[in-house]
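Got a structure for you, written out below as structure tokens; questions coming shortly.
All chains are identified by letter, namely A, B, C, D and E, in their written order; residue positions are counted from 1 within each chain.
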Amino acid sequence: MSSKSIQGAGGAGRAGDKVFSGITLLAGCLILTVLFAVAAFLLWQALPTFTAPSADISGGSGFFTYIFPLVIGTVIAAAIALLIATPVGIGVALFISHYAPRRLAQSLGYVVDLLAAIPSVVYGAWGMTVLAPALVGPYNWLAENAGWIPIFAGPASQTGKTMLTAGVVLAVMVLPIITSLTREIFLQTPKLHEEAALAMGATRWEMIRMAVLPFARPGIISAVMLGLGRALGETMAVALVLSSGGLIASLIRPGNQTIAAEIALNFPEAYGLRLSELIAAGLVLFVITLIVNVIARWIISRHKEFSGAN
Amino acid sequence: MSKRIDVKGLNVFYGDFLAVEDVSIKMEPRSVTAFIGPSGCGKSTFLRTLNRMHEVLPGARVEGEVLLDGENLYGPGVDPVTVRSHIGMVFQRPNPFPTMSIRDNVLAGVKLNNKRISKSDADDLVEKSLTGANLWKEVRDRLDKPGSGLSGGQQQRLCIARAIAVSPEVILMDEPCSALDPISTLAIEDLIEELKSDYTVVIVTHNMQQAARVSDKTAFFNIAGTGKPGKLIEYDDTTVIFNNPSVKATEDYVSGRFG
Amino acid sequence: MSKRIDVKGLNVFYGDFLAVEDVSIKMEPRSVTAFIGPSGCGKSTFLRTLNRMHEVLPGARVEGEVLLDGENLYGPGVDPVTVRSHIGMVFQRPNPFPTMSIRDNVLAGVKLNNKRISKSDADDLVEKSLTGANLWKEVRDRLDKPGSGLSGGQQQRLCIARAIAVSPEVILMDEPCSALDPISTLAIEDLIEELKSDYTVVIVTHNMQQAARVSDKTAFFNIAGTGKPGKLIEYDDTTVIFNNPSVKATEDYVSGRFG
Amino acid sequence: MIETTLTRSSALTKNKLPGYAMWAVLAASIVLGAALSALLGFHIASFAIFAAILFVAGSTIVTRMVEGSRRATDRFATNLIFGAFILALVPLISVIFTVLVRGLPGLSPDFLFTSMGGMTGTVDNNTVETGGPVLGGAYHAIMGTLLITLWATIISVPIGLLTAVYLVEYSRGGPLARAITFFVDVMTGIPSIVAGLFAAAFFGLLFGPGTRTGFVAAVALSVLMIPVVVRSTEEMLKIVPNELREAAYALGVRKWRTILKVVVPTAISGIASGVTLAIARVIGETAPLLVTAGFVNTINLNVFAGWMSSLPTFIYRQLMSPTSPTNTDPSTQRAWAAALLLIVMVMLLNLGARLVARIFAPKTGR
Amino acid sequence: TDAAGTETSASASTVSGTLSGVGASSQAAAMDAWIAGFNAANPGASIQYSPDGSGAGREALLAGGAQFAGSDAYLKDEETAASQEVCGPDGAFNVPAYISPIAIAFNLEGIKELNLDAATIAGIFRGEISTWNDAAIAGQNEGVKLPATPITVVHRADDSGTTTNFTDYLAAAAPEVWTTEADGEWPAELDGQENAQGTSGVVSAASATEGAITYADASAVGSMGKVSVKVGDEYVAYTSEAAAKAVEASTPVTGEGRPDADMAMDLARDTTESGAYPVVLVSYHIYCTTYQDQETVDLVKAFGEYVVSDEGQAAASDAAGNAPLSANLQEQAVQALRSIKAAS
């Protein structure tokens, strides 16, 4: 009977539980540590920039004046990328999840996943050699016919290497990310709710608006944020595709620059204070992603009550 | 608003698999018809062909005719979307839209056809539908809260309110009470009793007592074995099916001696 | 192997919310006890405190004593994992492990704990448990097929086989038939009848007929309103509860007049 | 009442466009589009744009006139979604086409199995002059990519998996868990070059300045990979039904065994594709490798000592500083061939993950 | 030089070990040739070079992360001082290793050569001269049919040694027009011009754009049109000899604390010497005067001497199309390299 008692026995087993949960906790903390180490590294290396006299900083009038156009440029590039990639990406995801025939949809999903893996150098090389030359004509046309809109003010770039081109390349790069993530979420929409909508006499699009999109909202936001992360931090593609320069409203003229590309272009020859400046720019980029994430979380949490997580 | 359903020689397929074979059945307006039968015999499948929800599944198709007051639902040029707005459906598990408030859930179907419904009309409709679903009193002061905050039975009644808000002619229910407790079940059964005066109601149930309590006519479906198609075995007045069925299998099933 | 359960003044909490208040109840070995009551009255919650599954949920806790043949399950030094290997549980929805074969599902309790077991012992155990769950004949020649390929009723019996394979003293069942058709339900009810000779069985059910059919004693739980704690209202022989209850609420409930 | 019933009932069949209607609209849009584009000086792009706009507008209007506004909206949405898909295909096909056209000529057994050791501009000049085959290959870079990615995976997968397990199974939503989730999200946004600089500085501190090895690169890539692994694994663990965990607990199985033997195996196919995604995310990284692994033309199979090349840095170097500045074609060809190779590698990886998924996926029977 | 050559190969067979260098990408192609040539003669030794950039190279050398650096700019005085930390009391020194003319290349259909003086070049690159048929250009190119195409300037987007040398030339030879100082980054005030990353980037952008003009390592410009620059009274097209001549005319850099072996030189951009092409880039190898052990010293010496030997220079110019060092500079370089010693 004692062997059947609920007392004792299993001290060893309990230890297993402790050890395992300890290890998982450790892994989590390791990630935090790495992140803080990265932040500390950035701060430490960037410090000379913040203490140096402002005349010594590139541009000669302090770090803020130096970084401000870069921040704006980064935001413009990412914004163009997302403005294009978000609707198109969601469209493609919906196509795969709800419109395409099954067999086709699976292989399409596969192809899209694959595209996420094309190295950015390749996208950059493609943007530089194929896309940019192809866009010169349209840019000229825009400058002539829509030049009164500030973003299309001419004269258009004759190489096609402009912010708009860079934005398009970034859009192509983040498109697979947004598509593959949102597709998975669309596919997970409870059949229950889809059928509820259809049974009510909803058309396919009405069903999507009633059941699929609301369910996928937080997921779409996360996917866009992930895409945004890539768009903000992308180095090589922008460096190869953009004719960089100072801040300028027109998107079809040479000009503007992103933080990541600025780092990549100048890092090899940088030393001393310049190096520290570039790392400070990296720190700023880091802070931007942090802020973006905070905003995203806030948006998602604002709608918790109606989130469908029940 | 109630209409007659007349099914003629219906075969239902999932791809190549014949799930339900050769069903012919007539359901009268202003009556409740119950479908009973062992699991997998095709009750849900058949029910879903009555408002063309079946074809939502990939590869699913149908042969035969389903006439709604003489008009074939599967006739050429018939739009399934229109069909479904005439024939409402309530599912086994309550499925209010989680991102919508109770009010919006009720109005979901209505807003599809009539986007510019005035606030007061909408309010009236919400009250009427919720009252029709016996839910008004319980939710009147939290119409703007999410529908998913209700209890299971309340959610199911909300789904019924949503279905009747578009004033369909027929309401199909697939085991509407199987996820509910007895009190909620009773509430729904009472509701079905009331709905009967306005709609043609078809209900699938596993609960023989329930079938006996709520339905006017009962259809017994059966299946010869796994992989075989389901068939309609007997269809008659509920009292006949439960007390004096003409087929042995029916008697075995309703008396729990099946197997 | 069967053991007595003796609950003394149990309060069950979800965080600060008192879900079940002050339950004291004795369940005899080799008997079937049924819990009935309206939805949300805490039947499942209470049942889950009997093998310490309750505390798996975050913030969940318990005050009071649950004695298994006199030993307090909540005593200091008692390992909940050990408790659960003495008191098995079957859930509302059949939940075989999808990655495992039928055979492995039965052996899960043994194998997941890394206990070594010889092939022949394992074969014996599988046969014995499946036979005990009335499933052996149906699955003997597809033991290596995945368990999720079985029908709902078969899956539920597989879960029962899995539970009895670890030779518990008590088996708890939370609405084991609510997702099943009448035939499968009958099979499970027969099985409960047989299990009674070896185990203490506790079953939660919404189906009053089922409670009346399978149980020796019945406990009626009730709740005064949303947010209030559930309470044990009456506990007596099943025949008494259904024919001659001493509390008005019980009578209302079992006769379907509740509300 | 009777009247409304009648009109509604006849609405079952009324007002439906015939099947050929959309083809007619399409044909009209193509003709009109061609005409419009010809007015501006015909160009295939402007033609496609005009035709597409005309078709979307035309089909919506026609549908609206015949079938009503709801069908028109549906048609419009359908057109837009198909349009989005076609639009997305244009650049993607262009990228793949470019890589194939420029990469295929360079793919040969020689390219796969030789390194760039001993390759100089003289060789390339010769090649161009004599029209001989392009010599030199990417073997060293292929091996470098495989080894570095392998090590990055070895580092990231356990950490990522365990963290996800912590978040889903143990944390109960405490502040630490929320911090981890938040910072993991932030981590997905670390610019890759920063990860590289960090790893380089970190190993510089530990093993002296200028420590560049394949392993340093693997650590840099891990910084980028871990968050992706955590996020995808977390999602996959979350969708494992609680019922399975409870079933295991109820059998008296310990939590850690439940996790390892029930939860993780159930989610393994999702985890595998998440890991593939994570590998795909880093296998094409250039910037962090440049500062961590160094760059060589010869074969080095030791990740813990010596510099190492990888396919992305190989591509980058061949493009940006060609082996022969005078005759860049051989280098360009190598670069595109390497790009194609990298894509093929990821494709194989994907197939592998699918296979894993197939083998371990929960069996549904029937 | 013959003596140096034989001695190199004589001592070479015995050297072993691994030498890591980091630095200028301009030398990358030449370095491939040197490494291949040196390895062929010294199978026991291995050289690795990461063309990360000149700045990165100097940074790495000063931090002890590389044994030698390749750099388009010589060490500044303060860098030399800083180098004492890892390179012994005498610090590090510069040896010219790679000389390359910078071509000013343009893309105009049917025109392969143009004559321009420094002021005109500066005007074009500042955007002050904006069409090809501008009088300033036409005046120097009688008989050439210049189109009215607008000029598209393409400059380097990245910080680069080529830009430093090119702007250094403009600032020295046309100070009235080019008012900004020489720098590796293109002047920020000249905003809105086209640019591209790397030599191959500017060349491909310019080759694809009618009316474009750029500057790039001469070996890379291929079939584009080239500018002959005005030196003194004549227009000089770039050739290896012309470049070497410009380097000959340069003045050694003197400064506090520079080691004796240092060969840093300031190029005479404004030279008027006949036949010299002053738009030229000199890229250095930077070595320590002292290394920790004899093995490294032997290896460094062997490699360094091979690079500046006839053989090495020929291999590089074959592969990379640059200009070889003059015999005089080779001689000096060998002397300088021989002063490297092991710490005792």
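One rule holds for everything that comes next: contacts are C-beta pairs under 8 Å (C-beta built on N, C-alpha and C of every residue); 3 or more make two chains touch, one makes a residue touch a chain.
Keep in mind it's a predicted model, so treat the numbers as computed, not measured.
Counting steps between touching chains, the shortest path from subunit A to subunit B takes 1.
The chain pair sharing the most C-beta contacts is A-D. Rounded to whole angstrom units, the spacing between the C-alpha centres of subunit C and subunit E is 84. Once the centre of each chain is set as its mean CA position, subunit A and subunit D turn out to be 13 Å apart. Our note on geometry: subunit A versus subunit C, Cα centroid distance of 50 Å, whole angstroms. Per-chain CA centroids place subunit D at a distance of 40 Å from subunit E.
Counting partner chains per residue, subunit C has residues 81-83, 86, 113 touching two or more of them. Listed for subunit E are residues 25, 52, 197, 201, each touching two or more other chains.
Counting partner chains per residue, subunit A has residues 13-14, 129, 203, 206, 267 touching two or more of them. Of all the residues in subunit E, the ones that touch subunit A in their complex are 25, 52-56, 58-59, 150, 152, 154, 157-161, 184-185, 188, 191-197, 201, 204-205, 208-212.
Taken together, the subunit B residues at the contact with subunit D in this complex read 1, 3, 68-69, 71, 73, 75, 77-79, 82-83, 86, 112-113, 169. Put simply, subunit A touches subunit E in their complex at residues 58-59, 128-129, 133, 157-159, 161, 239-240, 242-246, 248, 253-255, 265-271, 274-275. By the touch criterion given at the top, residues 43, 45, 70-71, 73-74, 77-78, 80-85, 87-88, 91-92, 94-96, 98-99, 158-163, 165-167, 169-171, 176-177, 179-180, 182-195, 197-198, 201-202, 223, 226-227, 230, 239, 254-257, 259-260, 277, 280-281, 283-287, 311-312, 315-316, 319, 335-336, 339, 342-343, 346-347, 350 of subunit D touch subunit A in their complex. Those residues of subunit B whose C-beta lies close enough to touch subunit C in the complex are 38-40, 151-153, 178-184, 186-187, 206, 208-209, 253, 256, 258-259.
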